[in-house]
Amino acid sequence: MLTTHPFDDDKLREECGVFGVLGPLDAAALVALGLHALQHRGQEAAGIVSFDGRDFPSHRALGQVGDIFGSEAVMRSLKGNAAIGHVRYATTGETAVRNVQPLYAEFEFGGFALAHNGNLTNALMLRRQLVRRGCLFQSTTDTETIIHLMATARGGNVIDRLVEALRQVEGAYSLVCLGKDQVIGVRDPSGVRPLVLGMLGEHPVLASETVALDIIGAEYIRDVAPGEMVVLEAGQVQSLRPFQSAPSKFCIFEYIYFARPDSFMEGHSVYEVRKKIGAQLAIESNVDADIVIPVPDSGVPAALGYAEESGISFDLGIIRNHYVGRTFIQPTDKIRRLGVKLKHNANRAYIQGKRVILVDDSIVRGTTSVKIVEMMRDAGAKEVHMRISSPPTSHSCFYGIDTPEKEKLLAHKLSVEEMRRFIGADSLAFISLDGLYKALGHAKRDAGAQYCDACFTGDYPIPLTDFEAPRPADVHQLAERRA
Amino acid sequence: MLTTHPFDDDKLREECGVFGVLGPLDAAALVALGLHALQHRGQEAAGIVSFDGRDFPSHRALGQVGDIFGSEAVMRSLKGNAAIGHVRYATTGETAVRNVQPLYAEFEFGGFALAHNGNLTNALMLRRQLVRRGCLFQSTTDTETIIHLMATARGGNVIDRLVEALRQVEGAYSLVCLGKDQVIGVRDPSGVRPLVLGMLGEHPVLASETVALDIIGAEYIRDVAPGEMVVLEAGQVQSLRPFQSAPSKFCIFEYIYFARPDSFMEGHSVYEVRKKIGAQLAIESNVDADIVIPVPDSGVPAALGYAEESGISFDLGIIRNHYVGRTFIQPTDKIRRLGVKLKHNANRAYIQGKRVILVDDSIVRGTTSVKIVEMMRDAGAKEVHMRISSPPTSHSCFYGIDTPEKEKLLAHKLSVEEMRRFIGADSLAFISLDGLYKALGHAKRDAGAQYCDACFTGDYPIPLTDFEAPRPADVHQLAERRA
Amino acid sequence: MLTTHPFDDDKLREECGVFGVLGPLDAAALVALGLHALQHRGQEAAGIVSFDGRDFPSHRALGQVGDIFGSEAVMRSLKGNAAIGHVRYATTGETAVRNVQPLYAEFEFGGFALAHNGNLTNALMLRRQLVRRGCLFQSTTDTETIIHLMATARGGNVIDRLVEALRQVEGAYSLVCLGKDQVIGVRDPSGVRPLVLGMLGEHPVLASETVALDIIGAEYIRDVAPGEMVVLEAGQVQSLRPFQSAPSKFCIFEYIYFARPDSFMEGHSVYEVRKKIGAQLAIESNVDADIVIPVPDSGVPAALGYAEESGISFDLGIIRNHYVGRTFIQPTDKIRRLGVKLKHNANRAYIQGKRVILVDDSIVRGTTSVKIVEMMRDAGAKEVHMRISSPPTSHSCFYGIDTPEKEKLLAHKLSVEEMRRFIGADSLAFISLDGLYKALGHAKRDAGAQYCDACFTGDYPIPLTDFEAPRPADVHQLAERRA
Amino acid sequence: MLTTHPFDDDKLREECGVFGVLGPLDAAALVALGLHALQHRGQEAAGIVSFDGRDFPSHRALGQVGDIFGSEAVMRSLKGNAAIGHVRYATTGETAVRNVQPLYAEFEFGGFALAHNGNLTNALMLRRQLVRRGCLFQSTTDTETIIHLMATARGGNVIDRLVEALRQVEGAYSLVCLGKDQVIGVRDPSGVRPLVLGMLGEHPVLASETVALDIIGAEYIRDVAPGEMVVLEAGQVQSLRPFQSAPSKFCIFEYIYFARPDSFMEGHSVYEVRKKIGAQLAIESNVDADIVIPVPDSGVPAALGYAEESGISFDLGIIRNHYVGRTFIQPTDKIRRLGVKLKHNANRAYIQGKRVILVDDSIVRGTTSVKIVEMMRDAGAKEVHMRISSPPTSHSCFYGIDTPEKEKLLAHKLSVEEMRRFIGADSLAFISLDGLYKALGHAKRDAGAQYCDACFTGDYPIPLTDFEAPRPADVHQLAERRA
């Protein structure tokens, strides 16, 4: 079946998911369930901080949500009816656990926890200033900068200090914060990363995606708006607009790949958008063939849309082995080459002698595409046509997505025809940028387009202060943050 | 994507898979890969025994293949160019590791290892006789009986003793055995469980399914015939027929659910057979509806066949969370009820207001079906029609499939209409027994039918000696073997 | 044999040991060996930070030195020819690892690591001031205060900032610090905790005790003086005296129990001092008896001194089971009572019918003494006389020793005669305070005595600012630090 | 303090300890305590089997007793008021757990468990015969032979079959067995290994040493006699003498080193015997010196006896580090050489300028002796005299003690003078064989001596059938058993 996308070495990866809830008993248990539904946004570490009326018990660890929060002792320790949580990709080594979020700090006025989805683009510059003032940083995350800006703010309450801190940062952030009896959600003025508001009965909930509302039975109310701060307090949801307004720049790749297909974003069904993209792809670049085959696991909706539009029959031509751990080692070269089949196998009866259309959502380095085309040929395919439901990914993301350096992106180095030869397909086509906007209900992309599509266009909507002229001393920091 | 079927509490479970190879360097590494491809036939324990010209190094453990054989040290220890392996469901506690196969024994004439897929139905009776003669049993598996029958046989070489032992046993068995420079495959005279022969270049290979040939790049030659013994020795494949012939009784459920869809059995593509069953189901019991939805993960091919035949559009209406571990604990009742959504979520945009046809491959206890129908209703389905690509499962299997006792099978207790009410669907239909045979290319089921369909009909082709009149002292044994 | 004192629930416990070395290849490996020799000063956590010319690789973990630093991968990562290390008692939970030393901070001017043996007595007061200025604390240790004081100092180089910070703190500290190409050692002006300087060839070494010099083959040069700061740089040892001088107040309990018997302190052999204390005890309070028995494991030297002075024969009357783990659980009450014998057994042939003198070094809560006297009686002792080689421990330590609250100290609650009745001995005597000073070569204790003996006298040489009038908000902090 | 002897690479090692109890509730918990007290007889694996009136629950694992039986769940599973247990050295790999005792078998007449201390010397010969009859061996232990001999015996009850089996075996064995409501103890006719009988109230207990009685508060009644079988049943102790009588040949090394000093054997205090041996050593080979120093951990009683006899003062000149794990790895050669000090340190104040007498109990390979003499010299000893409280160990043991092959025994290769030069001492003396017998209360060793002293004399009291002319095929077996 269509699964939420598992680890694939040759995909871009969302770096984080956040969740918060105020009011119910067992708040932390609800957060654990919410994080479980957001596991596709970060599989290597997770954390929860709750507030029990006095203390802020917390638990953070490397691993998956079910393992970290599967212990009754852990869950019992996370008392209170307010809690926030975070899933992320972890770095390695000792640094790792220090970097796991939510971050927590004890200010003069009390405890405060913060979970961040996104990436700040002037954190290093701010960090240098803060260190000069005597601030000691404990982690290598950009997020800690926000905490120190709050600690050294001119005073005021939590909200005042958080606003003062955020006015100084640039970049993408969807934050969920926890203070005393207070849960706060914020999206940066461009609204790059998602954040939705739901209600579980009378209790407000914040989450990166609607699937995290579904799992706890909460109702999807609306997306938090770009630049909006929502303050959940005593069952009330207060909306603030503390920042200068900016054009909305929601990440278009959330539709293409990152979000779960059963989520809704900006009111759209992600699955439906993906089918429409597949249909548009068929309109733009159809080819005479016998079978449309999705590349597992995420290509199914686009492939179904393509098949419906083109009238070519849809079948599962690649079968995934469900039991793939990450530890299998192949001891000899000979075996290592066989090893590419550990994960997938051709459904030979449906490939042999057929002209095949493969539908995938993106090509990053191209390494997986090469192997899948080869697998089709080995299984006897007469022709192999590759169709991609995104434009060529030619630029890195600096707003919270784990992308290789630009120099490793296949589309940065090669033309489409060169890429076709590289992956060994008979034909290769990507959806056009305008086609993508069409599938999303717009006439075409234009200057005022509402999405961030920098990974296709290099058109970065928010300044890249740290990255444009990094000081030598920062390179290590940037590298580590990326690791 | 369609994955090989993961753990589902309400499915029947294949109990074992076997694999053997003679000739290549790194024989054990090839066996590890083969077992990995057979992981769906047994996920809780695995073992490999190799022959290095002098010793029979072995490694058996609880866990999945990738974890058990992912260590270089382990693989290096399994020297030699002949090896066999086994995957199985394990029992718990100290007994567990003793029961993990391949079994190994040192006979007077040398070492011998044996891996068994199936279940013997007169093992207890034989065991009582052997104990009376002074034999000491070390495991609680039926398979050990074969070893003791060989040890106490009247003499002769390995083949003579194995034949003499097997002539005394009743039940289902596909065996792969390893002697000095010899790999042996045998199927019982009814051929209940599968076993195929392949060639990796000049090296013969035996495996439960063809997918295990695919993963190592071996070619599928043919199924080992019911009652056939194949002896692989020095690159030669010798075929013996040491048993009285009997009508072929291949397990029909392998086509419906157990085998991987990308396997071939008796020359048929399993995926294709499942699509045909789905189409036949649509012919027999179609209903006016808006969408055909497969029940994850195994219902996809039948649902595609149903959709194609009926002309109703196919979509993924249930999205699986890829990151489901088994350890997630829900600390409160309230959370526990939410917990049913840990694994699946409705693709709400495609359910709301729709008349839904759900296609699943079987109903065992019915517990999952109840929850899936409820999930459809919660997501706003107007009507929910359940279609099952097998006849009602009303009898237990004694030939190597883990079935609940008859009393727990929903179809044993309830009529189809009662089952419909139990699971809460608007309609419920199973494929007919004749329809199933039709999908397999036969006119209908008749007395001479070539499949074992006892789980639907109670028509057991092999005597159930141990089970018909168990002695009180054996009940514990039978229970333990089943645990 | 006499072992360095293992875990005993009824002893005071040293809280930390420190070690540093500058110059040799494999500096971290030498630190690991040194910490291993200091393991008796802290068994629950350890850490090492090295400097490789650019970075400060580090490894800290809960557990014993041999386990933490027994991995080649870990040791390889700790590159460089300068390194410092720390052993300590750990707290539990997530806090634990954050509190493991050496602490590390990146200042504006570069990295800096610090390992602390001792305890500050005004850390909370300073912490409140720092938090008000916007400092964020990450651990609950008093030691972090020093780091923040350095970060917010008026500037200058590492030495300047460290001196400025230490001028503000009160309490006991022996520090070993690591900067770029620099190892620094400091003792507080009263010199409460030990710190010695050694040379390994041309490379200077700092350690809590001389046994850590022995293990690496280094030569013992001298004790770092109270109030002295030694700066190791490029093979040079520079001595600074940046603090106001104060009377020396070395911890007298180091001689009695904490230090290893094979260490030298202030030029004295600890073993020899203990024998002299035992001899003085015999002079003060001998009794007619048949055998002198040391209470394992630390009572041997004092018992030998006692036996030699009194002429009564010395024998091992209590045999320790070497294989005592900490995890043995006794499932029933009946067994639990038996369980006191898990660790020790009477050497019955030497007890039965004998008048026994037991020599121990201290009585804290008295729980172990009760059991040992009972064990002697059970083994048939005719009389049991207990002799203690320290004065009654009636006051808590605030300078780095883990003592129970005053209310739990047996000597705080009971007179000597009441204590005798409590432990069930026929007689009980402690060495006199003057006798203790005599054994150390002084005529008697007087106002100008050079040792801290507050645990016997309540005469605290350094102010207890945090403890005298704790604010309600601090109680939690103090408790946690103590946990 | 004197500890029961820890792991020392250069000592002979006892291979097993056994324990059994019939009657009390929590029988298994008492066995766990007893095994804990016997841990010095085997530290690498342990097992317990109990009888609960119907089943024989069991738990066996690699590790130490406290870890294996420290879990409440494990202890709860070992129900019943009869239980036996075993500690042993384990082999490595998969074989390991199969070899952990007690062995268990289900005979026609019911379950039976057996724990063995000792070693059979004709097990391989018997094994060949049994395999020829169709017996399948599961372990590589000699002990399994007894089980198969019982299974194939001519019938009769448990006692009859056990006697019939034991009449066929040669070698050393102290067995504790468990049948239905029955615990059985047996010593071989020569009584090589110890076995004592005690009473815990009305419940009889069997143990390898009296310290295992002490820990549970049981009273020592008597040693089981050589060739005696004691049957514990319903609170009765029945004594049988089923074997031909033979001269008693108790292992003399139990007195010298193996047994705990607080044990009694044949009515003697082991500690007292060791002191007498030390005194005899002083009589035979005293030398003018300043200090007598025991080699830790086992040399203390002999050193005390030596000091008392010679009038030279006794002191602890070598201090052991209590916290030595087994995992410490030294990454460089330079560090590796330092590493000899991980475990011991010279008490320099007592060595420098002194003439030292070191007292140790044996020299096996001599590797430790070399290092200890060197440590004394490094600490400034003027003279180093080594005195050994056993005669030269020149022959291997085949009766249950782990000895190196004869070729690796220093005393097999070198004369005493050559040994002195090898270890670098100024003088070296061993106790004489007659002196040893004197310390044990005999006039001298003569032909009718009651001890097995084969390791000193090569005078083996029981035939070495398997070892005298091993068939090539057995060499592997013998090696594995020894591993």
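Annotations for the structure displayed:
Note that the chains are named A, B, C and D in the order they appear, and that numbering of residues resets to 1 at the start of each chain.
Here, a contact is a pair of C-beta atoms (placed from the backbone, for glycine too) under 8 Å apart; a residue touches a chain by one contact, two chains touch by 3 or more.
Protein identities per chain, from UniProt: A, B, C, D = Amidophosphoribosyltransferase.
The structure displayed is predicted, hence computed values, not measured ones.
Look at the contact of chain B with chain D and you find the same residues on each copy: over half of the numbers used there are shared.
As a whole-number value, the distance joining the C-alpha centres of chain A and chain B reads 38 Å. If you average the Cα atoms of chain A and of chain C, the two centres end up 50 Å apart. Chain B and chain C have centres, each the mean of its CA atoms, that are 63 Å apart. Contact of a single residue of chain B with at least two other chains is seen at no position.
Contact topology of the protein chains: cyclic, one closed ring where each chain has exactly two touching partners.
For chain D in complex with chain C, the touching residues are 1-6, 25-26, 29-30, 33, 36-37, 39-40, 43, 64-67, 69-72, 75-76, 211, 214-217, 260-262, 264, 269, 271-272, 294, 296-297, 299-301, 304, 308, 313-316, 318-332, 334-335, 338-339, 341-342, 345-350. Looking at the complex, you find that chain D touches chain B at residues 58-60, 94, 97-98, 105-108, 131-138, 147-148, 151-152.
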